[in-house]
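Quick one: the structure is below, questions incoming.
As written, the chain order gives the labels A, B, C, D, E and F, with residue 1 at the start of each chain.
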Amino acid sequence: MFFHHKELAYTVRVDKPNPVFGRMLQQAIGGPEGEMRVMNQYLFQGLGARGPKRYRDMLLSTATEEIGHIEVLATAVAMNLEGAPSAMVDDVVTNPLVSARMSGIEPRHYLTSGYAATPADANGVPFTAAYLDIGGNMVANLHANVAAEAVGRTLAARLREMTDDPGMKDMLSFLIARDTMHQMQWLAAIEELNPQHKAAPVEVEDEGDYEQYAHQFFAHHDEPVPEDAIWTNGTAPDGKPFTTAQPAPALGQMPELQPAPMDSFNGPESTAPAESSGGVVGKVKDAVDQITP
Amino acid sequence: MFFHHKELAYTVRVDKPNPVFGRMLQQAIGGPEGEMRVMNQYLFQGLGARGPKRYRDMLLSTATEEIGHIEVLATAVAMNLEGAPSAMVDDVVTNPLVSARMSGIEPRHYLTSGYAATPADANGVPFTAAYLDIGGNMVANLHANVAAEAVGRTLAARLREMTDDPGMKDMLSFLIARDTMHQMQWLAAIEELNPQHKAAPVEVEDEGDYEQYAHQFFAHHDEPVPEDAIWTNGTAPDGKPFTTAQPAPALGQMPELQPAPMDSFNGPESTAPAESSGGVVGKVKDAVDQITP
Amino acid sequence: MFFHHKELAYTVRVDKPNPVFGRMLQQAIGGPEGEMRVMNQYLFQGLGARGPKRYRDMLLSTATEEIGHIEVLATAVAMNLEGAPSAMVDDVVTNPLVSARMSGIEPRHYLTSGYAATPADANGVPFTAAYLDIGGNMVANLHANVAAEAVGRTLAARLREMTDDPGMKDMLSFLIARDTMHQMQWLAAIEELNPQHKAAPVEVEDEGDYEQYAHQFFAHHDEPVPEDAIWTNGTAPDGKPFTTAQPAPALGQMPELQPAPMDSFNGPESTAPAESSGGVVGKVKDAVDQITP
Amino acid sequence: MFFHHKELAYTVRVDKPNPVFGRMLQQAIGGPEGEMRVMNQYLFQGLGARGPKRYRDMLLSTATEEIGHIEVLATAVAMNLEGAPSAMVDDVVTNPLVSARMSGIEPRHYLTSGYAATPADANGVPFTAAYLDIGGNMVANLHANVAAEAVGRTLAARLREMTDDPGMKDMLSFLIARDTMHQMQWLAAIEELNPQHKAAPVEVEDEGDYEQYAHQFFAHHDEPVPEDAIWTNGTAPDGKPFTTAQPAPALGQMPELQPAPMDSFNGPESTAPAESSGGVVGKVKDAVDQITP
Amino acid sequence: MFFHHKELAYTVRVDKPNPVFGRMLQQAIGGPEGEMRVMNQYLFQGLGARGPKRYRDMLLSTATEEIGHIEVLATAVAMNLEGAPSAMVDDVVTNPLVSARMSGIEPRHYLTSGYAATPADANGVPFTAAYLDIGGNMVANLHANVAAEAVGRTLAARLREMTDDPGMKDMLSFLIARDTMHQMQWLAAIEELNPQHKAAPVEVEDEGDYEQYAHQFFAHHDEPVPEDAIWTNGTAPDGKPFTTAQPAPALGQMPELQPAPMDSFNGPESTAPAESSGGVVGKVKDAVDQITP
Amino acid sequence: MFFHHKELAYTVRVDKPNPVFGRMLQQAIGGPEGEMRVMNQYLFQGLGARGPKRYRDMLLSTATEEIGHIEVLATAVAMNLEGAPSAMVDDVVTNPLVSARMSGIEPRHYLTSGYAATPADANGVPFTAAYLDIGGNMVANLHANVAAEAVGRTLAARLREMTDDPGMKDMLSFLIARDTMHQMQWLAAIEELNPQHKAAPVEVEDEGDYEQYAHQFFAHHDEPVPEDAIWTNGTAPDGKPFTTAQPAPALGQMPELQPAPMDSFNGPESTAPAESSGGVVGKVKDAVDQITP
């Protein structure tokens, strides 16, 4: 069974709320390269694993970590959809260079979820379990997991390239570090099962200030981790040592989202007074007024 | 962030492994009435909730409980796919009355997952986030959750009706009790937000030996639960008191699946020696041999 | 069986044709909160209902009303895609503040349907029956219907917030009134089945000039409505009386869409002469010409 | 807008209820060759049609007829899922020759809908608007409609081949006759738009006793039909005259489904007393009991 | 089996790279009117054809041609995503008139594929085999193919209308010519099977400089084509003669895509040096810098 | 562009036609582990590749080979659906042990395709491009391809385990050999890009008589293969030499399917005379007759 811890796995900080970037982040939640894919891929692989307990435990532990990454990213999306500081949102959203290139916001961030993340990709296509590779034997599964982290890491690097928000860049560096660790732990498990396999060092795009988390197994469970596993105490493909953090550290804050603007119709309890509303939609009405002859 | 606890939320016991029933259970994992739907529905509603913290906490806590229900059900599916006691499997599977009515096993339980649960419904249709209702305001969300538990509870009652396996019947009684509690907690939250709303007692199909869990909030988080909430200390629609269990109890065992039969091609490490193999497919070969002229 | 009446359920008027808003309206046609969902949800629930005829009749009658709402909304989309008055379209579409916030038009409104509505949501994701909840018992179905109307009403309120077009605001007020009625009729049916259930008044976002339609059952069938039903003659949750209109009134016009511009390639019969073409695409060519060095 | 008429378009009679055949019929409801496809294809083509009113009217009229065909088929599915005469159901379902060839029942007919039709195909794949061709110009749309009727008619002929139930064979003959008419009316409209086009007679698989309905336009609307249209008064491709029935005839009964068996959990109001229950699942329990050692 | 030839079926030339138009072209690759649909529709119809070999050969030959059209279009998408000449890209992308009308780029062209085509439509909805009509008898299949080419040709005409790029207009003229040929060859096959069927001339939107390819069967196989088939040597519906090209001509170049910009993270081997990078995303960063206070 | 060669890549031989096994083979065509996935994955990766030509060529060549595998498998499905020798089909289909375990035939093999393969998996779920991993950089793509072959090879091994038909076992051995080669060629390309990477020998499940094809690159194109590539002339992970076959050999026959039985309604041209019809459905009618009282 599972428990939720009030603090996030990482401290989400959004310096320049940008709903367009919030849309882009959806790809990392609900796209084929996203956290819902790896979370469910590892969960179902782990729940069905019939071999040595160590692989099952590793799969379930990292599946559990990935749920926390959904949480981190959904919080980041929600914070990017917040109106404050609203002037800056206006700059970002209305600059035609930026908005035209990024093709605008996801309308369902307003229409469907009222300023919150959705279980979908950057185009609003709903998550589907068709993205999952769960079917091979253990080695095939591990190869599928290496691939999933590789495409996920590439996505994170591209997302980081799209933003100058320091908080968002930092978050993506952290996620890149964790993706790197995960990719290496799956490679190490393949090596453990077949010692003739020698994985090359993962080609890391600079993981920012989080190099330390690129070689550390996060144990999201209360089982002891195996002492003799490569991925807990052994040597990573790049020659550096793997270490283990148990329990996995809660590096983040307790998320506190701002009240929703009145125009969200999210219910009286979650809605800011009308006068302080700086939501996306309220501004649209003014704009429409201005262009009415 | 999240943590995984080694023990299940409920002790899964399969007395008469039945791969056909394993297929039926998939509906409760990956169908529109299943646990993946409610887990993700509550998770995304909770992560985006901007109102009073108590509703966010409640949504995330129950979302966390539902991940554990996926775990319980996936374990039950895997155990139903196991060969032991193999003679009985033969009886169940080959009895034309049973097999014809139930339309047989899910071929992807062998072809795709090698004797494990899949993220799909009883027909093998992959889970999709299109099942989720996440879009309303808080009250609309709560109504959607009442509905999701109502259809889920009906499904569980129907599944219980399809089996005579005492372990499976008991598991479904437990899940019915929890669905009942969840439905009532969402109704209580609606009532709290609008005291004029008075929910009628939920029409419970007998929840077996688990009546005590039909009125108890399971706190799957380390936040204190609100003292003054109806669903933690108040009165349920049927007049009985709500209570709270914090932390949520781990009522189950540490799951230990049997090694996979050799014909699973799951990898040497997870595979039983050939002579003890009692898998579904091995038997098919024999049968095919018999009918070859 | 069914009959089509030449007049719409509501008089659609578009004062400022806006293809971007036309895209937004798609969410109310083909999204999980839209009319195709409720129409099919009530239709399949009704066709399979085996209990008292009154619930079956109510479900089928309201399913029939919802087909008419698809018609109203598809007409509104088509009218928003029309070029006239074309100068205003230019203002709306080219104002970067508006267009950037709303992320532009749906390209398939031109590419696929030639200036007409599509069976898809605001992101072009095709309608799927996975949105439907049809599986519970009658009470579970009714709860699912309450939820569907609640999220639908929230969507309509958000759509109304996005536009200043008086015709479109009025149409959404009418649809909100009908959603309110439908939500209350399902609640009333739950109460009828279980008199201990007391629904609170629905939290209505102002339904504009259509308060009278928020408490009136529209009988879209030739069966007599039950005299003794709460939803036909009883008291609504807010204390006001329910009334019944039989037959359901045809409040709208016979829709007459403008001929398609030449660039639609919709066929000579439906295409305006080239000189009067004011379509979206024709303008793009000019714009592209201007930016060609 | 639309109205529902209490009587069916055709009198559904099921002589030998057969849940396996009920599953097969689903293909004609929710598959790519089914009624939900043509209903929505014609509806969206019609609602977006900007050319001469006569084509719009024809499209909407036939779309309306197709909703009634969904109704007919859903009623037929529900009646095939009924237990009576239960002894015969047992014969059909448990005969291994039949059941093995037909691959059994659709489990969601019990698990999800409680003995009712679902919006899905014979494999339980949910209906999707991806099946629709709505995008061409009027002539392209008409070709797409010819194709849709052609594949639909082939499906109906195959379904008729699978059953010996006189009622079901008759229903499929009626639907084949209507498909033939629809295919010819689309061909006639192409010819009207381009008189050089001469469609060959449609290759009809014998339409049983319903030859008269294979050349008659059913006007499901209160608009006068065009006097000068080929499909109302002209000559069909096979040289026979087209005629028109306005209003479209209600050839069927008011459907009355049997109460659901107790094991459906459909709610007390729609459930037969336990002693008379002859449902599919109840029998399974007995069978399982018999094979328990 | 199949072979790949190094040269394209058509010489792709992009004069003004335009990522927005690249998005639009996706509809012709992965949408319901696109090449993946017809390629797979003809492939599965052909592989399952049990009648005279000539229809099977024709279906497989044209299926093979359509794979090459996917190749042509994917090359065109990739070339439209290239940065050169970058100044012009800026004009196109940042002109609010153009960008607002066309609703911007497809974010997954960067996030998912790193400046390459995706197997999806213009909204990023993944291709699904649900688009295919493969089920009728041979005549029904041929009607479905006529319809598929008709909607595909309409899409191509609309796409051509959206661009002033001479290369792109020319490519679409070529594809329209081939669609016209394909539509006529399916009509001719229907006529061959039923000589009473006389198809009217296809209403061709001007196929530019490629009229010669609108009446020529391309044999993409090493089987002799039937001498006596209408579509190889007979008369087309417009009275012009059909001819045959065997082997099908390779009218295009060997595609050479530019190296990807550094920001693509496509790997060092496929990435241009940083100084020459003119990619879409790099520019976004600058823009974001400019609007940072 | 592409060409089709009349002979298959492999000689398909079905000794005991078995429609149930035909259903199972669908997983290898349209499932997430199937040939449509790898064909499209390699095709889109190749068409978008911007790096050294050798990787693009390799991707497109193997994509082309995979189209031929779809052809081989679709032929195998069609031959398994054929009635001859019909007596044996009866044994297989009607033996309850076999049929119950394998859950029967795919009804759409009759209803939708008339005894032919469909673009779907073993449960009839349509192929979707959501299965594809196309997004990483070149190394990530190669890892995704290693994974795709690994799960595909596992599926083939499981399918081979399910049948005793010598022809089918042999075909699956051939496909396993090719999957092994493909997996090794992707691993070799990773090694070429990063010489520190040393792949372990692929764990081969016995590839039957086709060991020679497990180390041979099939060049499905007319480009010269690179002399210095590991996968053409180097050493495989198991120490054996890679060789190259150019052109790729056509090892199979020209497929000739039997005429369809009359009950297929596939059209007179493809239908056997009624008296010789031994189709699946015809037998069902007899069976139904027998059980009619």
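In this section, contacts are C-beta pairs under 8 Å (C-beta built on N, C-alpha and C of every residue); 3 or more make two chains touch, one makes a residue touch a chain.
Being a predicted model, the structure only gives us computed values, none of them experimental.
Give me the set of chains touching chain B intersected with the set touching chain E.
Chains touching both chain B and chain E: A, C, D, F.
Going by the touch criterion stated earlier, list every chain that contacts chain C and also contacts chain D.
Shared contacts of chain C and chain D: B, E.
Which chain has its C-alpha centre farthest away from the C-alpha centre of chain D?
Greatest centre separation from chain D goes to chain A.
Using mean Cα positions as chain centres, tell me which chain lies farthest from chain B.
With centres defined by C-alpha atoms, farthest from chain B sits E.
Assuming a repeat means more than half of the contact pairs shared by residue number, which candidate in A-F, A-E or C-D repeats C-E?
Within A-F, A-E or C-D, the interface duplicating C-E belongs to A-E.
State the superposition rotation angle between the two copies chain A and chain E, fitting on C-alpha atoms only and giving a multiple of 5 degrees from 0 to 180.
120
Rounded to the nearest whole Å, what is the centre-to-centre distance of chain C and chain F, using the mean of the C-alpha atoms as each centre?
From the centre of chain C to the centre of chain F is 46 Å.
State, to the nearest whole Å, the distance from the C-alpha centre of chain D to the C-alpha centre of chain E.
36
Measuring from the mean C-alpha position of chain A to the mean C-alpha position of chain B, what distance in angstrom results?
Each chain's C-alpha centroid was found; their separation is 26 Å.
Give me the residue numbers in chain B that touch at least two other chains, ranges are fine.
32-33, 95-96, 99-100, 103-104, 108, 111-112, 114, 123, 125-126, 128, 130, 132, 135, 137, 139, 154-155, 203, 264-265, 267
Take each protein chain as a node, join two nodes whenever their chains touch, and name the resulting shape: line, ring, star, complete or other.
Chain contacts: none of line, ring, star or complete; other.
Can you identify all of the chain pairs that touch?
A-B, A-C, A-E, A-F, B-C, B-D, B-F, C-D, C-E, D-E, D-F, E-F
Of all residues in chain A, which touch chain F in the complex?
Chain A residues touching chain F: 32-33, 128, 130-133, 135-137, 139-140, 143-144, 146-148, 150-151, 153-155, 190-191, 194-201, 203, 237.
Quick check: in the complex, which residue numbers of chain E touch chain A?
93-96, 99-100, 103-108, 110-112, 114, 123-126, 263-265, 267, 280-285, 287-293
Hey, which residues of chain B end up touching chain A in the complex?
The contact residues of chain B facing chain A are 1-9, 30, 36, 40, 43-44, 47-52, 55, 60-61, 63-65, 67-68, 70-71, 74-75, 78, 108, 111-120, 126-130, 132, 134-135, 137-139, 193, 220-223, 247-248, 250, 252, 257-260, 264-267, 269-271.
If we count contacts the way the header does, which residues on chain E are in touch with chain C in the complex?
16, 23-24, 27, 31-33, 88, 91-92, 95-104, 121-123, 125, 154-155, 157-159, 161-164, 203, 205
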